[in-house]
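Each of the next two complexes has subunit A plus one more chain, namely subunit B in the first and subunit C in the second.
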Partner chain A sequence: MSKIFHLSIIIATLCIIPTISLVFAAETTGEYLDRKAEIWNLFFRMMTVAFVVGGVIAGTMVWQVWRFRESNPKAKPTPYEEKGEL
Partner chain B sequence: MVLALAKARPVWQIMFSTHHTDVGLLYLVFSLLAMFIGGAMAIALRVELFAPGIQLIEDSMSYNRLFTAHGTTMIFLFLLPSASAVGNYLVPIMVRYKDMAYPKLNAIAFWMIPPAAALVWLGMADFGWYANPPYSVISAPAPAAEMWIFGLKVLGVSSILSSVNFVVTILKCKHPDMSLGKVPLLAWSFLSSSIIVLAAMPTFAAALLMLLTDRLGATGFFNPAMGGDPIAYQHLFWFTFHPEVYVLVIPAIGMMYEIIPRFSRRPIFSHSSGVAAFVILSLVAFASWAHHMYATGMSFTEKTVFMIGTLAAVPASAMHVFNFLATMWNGRIKFATPMMWAVGGIALFFAAGAGGVVNSAMPLDFITHDSYWVVGHFHLFVFGTIAFGTIGFVYYLFPYITGRMYSEKWGIVHFILAFVGACITFFTQHILGLFGMPRRIYDYPEIDSWISMNALISVGAMIILVGMVIFLANMIYSTAKGKPANMEDPFGLGGKYYYPYAQRNPHH
Partner chain C sequence: MAHSNWAEWIYVAVVIALLVYVGAEAWNIENLIEHVPEDAEVIKVTAQQWFWSFEHEDGTKEVGELHLKKDHAYKFEIESKDVNHNFNIHEYVVLLDAVPGQINTVWFSPNEAGEFDIQCREYCGLIHYNMRATLIVEDT
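Let's turn to the complex of A and B:
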């Protein structure tokens, strides 16, 4: 688990570093416009990823609610019900 | 556990008590009263906007007064006190201490709220709950504006006292055997939100004082005619009130962390990731305030910084959602009323978060700025996530407070009406914003799409109203005549609670 966590941090850092230059103010009009386009482009890509991930998670939640409900014939008692602390 | 009402006691004994469950009960009753008052105001606003022209409210000034009181009531008199109610009930028990660290201060913090509410409700200021200058400095009528400023000042002090109490109770009074890592996530949520209040609230306290002296003519901090800068107020305001959003949502997430494991019959998937997410949210809460102000002429650099700062909240929010999903996985979920509210709250939290990403992105913010999109986003977040978590937790606490069970059937009817009503009302408001309707307007032109969407939004609000009336009737009837609850396992979940009924703190 910790390896996945560390790997995620490294990947996230590698993704963020190239975008840092966008933070600094543009000095000429042309550059300003370019950076504005870059921000749009970055944001569009982020939104695409975010909505795909969001759709998968929302779908997973709907499925979970149906699959793990108490009244589902496949539902089994969890190990924590009688002995553990909930 | 707490059982505040099982044995009849004189009302004054509860009112003048400093015991944490009594103060919690006072907070709860007051916050629910404020919710119904604020809700009635919202219904009046929606009746007015049902169609173009005058429907109910005679003039724009009355409309402005009403939406100011509605916003102030819901945020400061319903959501914040309802979170304090839950914290007062459970935090001392969770950290295994006999009461809050400063019981008298706790009672004082509560009793500051009713006078402040009276100032807000009797004054009826008209400048919105954000009191933006220059209008609030130059033109807002007295004494309503002064009453609102004093009311908010008192509420701010109450919040700070309450937060000091939570921080000291959790950090200094927890049982010596209990490390901070073992403190339950609900208590962690109160620790995080209290620290945010302590860091953020003084800024607004200073802004209110500056606003007051500006109104008195002694200073001109925000008055352009005296060389002041109205935008400075917005910076001070949002420095407090963007973090305040997290102050409201973090306890609601903490409440979901109580409900979801119990009703899934599984322990929380990852306690440490929940703690980490609370800490990260507390930090990034202060990195995003200026995304409310992109349209004020900020530089490209500033806007980019605040856009990234706002988006930094996404991973921490996602950690909570993943934690909830992983907890429910392989569980045997009982969809009793509290669980339905919690799961509904998570679903709407996700939708509200997606809208927040759009708001925070400066290119898209200019399209949605000051439109009904923002009203929809804010309400989806505040009602769909925070109030859903809170109301679910009220159902969860009900047997512990009263010793009786509420009607499960009517609880579920309440949830369905609220969920459907929230989707109709707040999603439609998003679309209405994209169709160009500005927020905070008293009347609107006869544009077909605006008319039909406003009518739909008002119908959604009425559906929520019906649900809330059922909620009120259910609470009152069940408190008096509900079935006696099995206090060891009121929801029939099996297993043991880690803070059983027998652990209640004796009265003092």
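Let's turn to the complex of A and C:
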């Protein structure tokens, strides 16, 4: 139940906010959308997401290579290696 | 072998959330910038090798220069007489193809007075590099 509740909040937020923004988009004379600002802001937000995702993926890969290297003192053989199946 | 897979589910959820966020944001902004104000003045833009001509709603025609008023909305109806061109006002992030036999529309509102470059952004032949015009935004 709680999961459904959280999911519906996320979906509602993602759908309702853009719809409200669209409905209340500048209609009054003399108050127009600043196309340049909107497009560049979108670009910067997308770049923020892209760099965060890139950083997390790159960091995970570096950590995996470091943690699971053979020479790591914490390294343990897999069940297959223990049985000599590999 | 039974094992906990909560980490995978969190990973999948984060990826889906990010994709939904990126899609929703882009969709929202695209809708906002495509919403043409009702009082926007229509300007017919004609591209041809290798110059731009403009026609205002009152019939005034300009070649190589476009005079607009600050803080007014303008809707461009862009077409080409010969080959593909691309109408670009770099300063105002206006960029749209001019295609023969087709009218493409884009709108914007200049919020700064001054002179800005209009240029062709689609290679259209020998003098493409010099297919330019000047946007002159006047204070009202």
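Heads up, the rule we're going with is that the second predicted complex is superposed on the first by the 47 of 86 C-alpha atoms of A that agree within 3 Å, B and C clash if a C-alpha of one lies under 4 Å from a C-alpha of the other, contacts with A are read in each partner's own complex, and residues count from 1 in each chain.
The rule is simple: contacts are C-beta pairs under 8 Å (C-beta built on N, C-alpha and C of every residue); 3 or more make two chains touch, one makes a residue touch a chain.
In this text the structure is predicted, and so the values were computed from the model without any measurement.
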item	value
Partner chain in contact with A:Ile4 - subunit B first, subunit C second, else both or neither	neither
Touched partner set for A:Trp40, first subunit B, second subunit C, both or neither	both
Which of subunit B and subunit C A:Ile57 touches, first, second, both or neither	first
Touching partner for A:Val49 - first (subunit B), second (subunit C), both, neither	second
Those residues of subunit A which subunit B touches in one complex and subunit C touches in the other	22, 25-26, 32, 35-36, 39-40, 46
Residue ranges of subunit A in contact with subunit B within the complex	22-26, 32, 35-36, 39-40, 43, 46-47, 50-51, 54, 57-58, 60-61, 64-65, 68-70, 75-78, 80-86
Interfacial residue positions of subunit A with respect to subunit C in the complex	10, 14-15, 17-18, 21-22, 25-27, 29-30, 32-36, 38-40, 42, 45-46, 49, 53
Residue ranges of subunit B in contact with subunit A within the complex	261-262, 264-267, 299-301, 304-305, 307-308, 311, 314, 321-322, 325, 328-335, 343, 346-347, 350, 354, 357-358, 361-364, 493-498
Subunit C residues touching subunit A - in the complex, by the definition given at the top	17-18, 20-22, 24-29, 31-33, 35, 37-39, 71, 73, 91-94, 108-109, 111
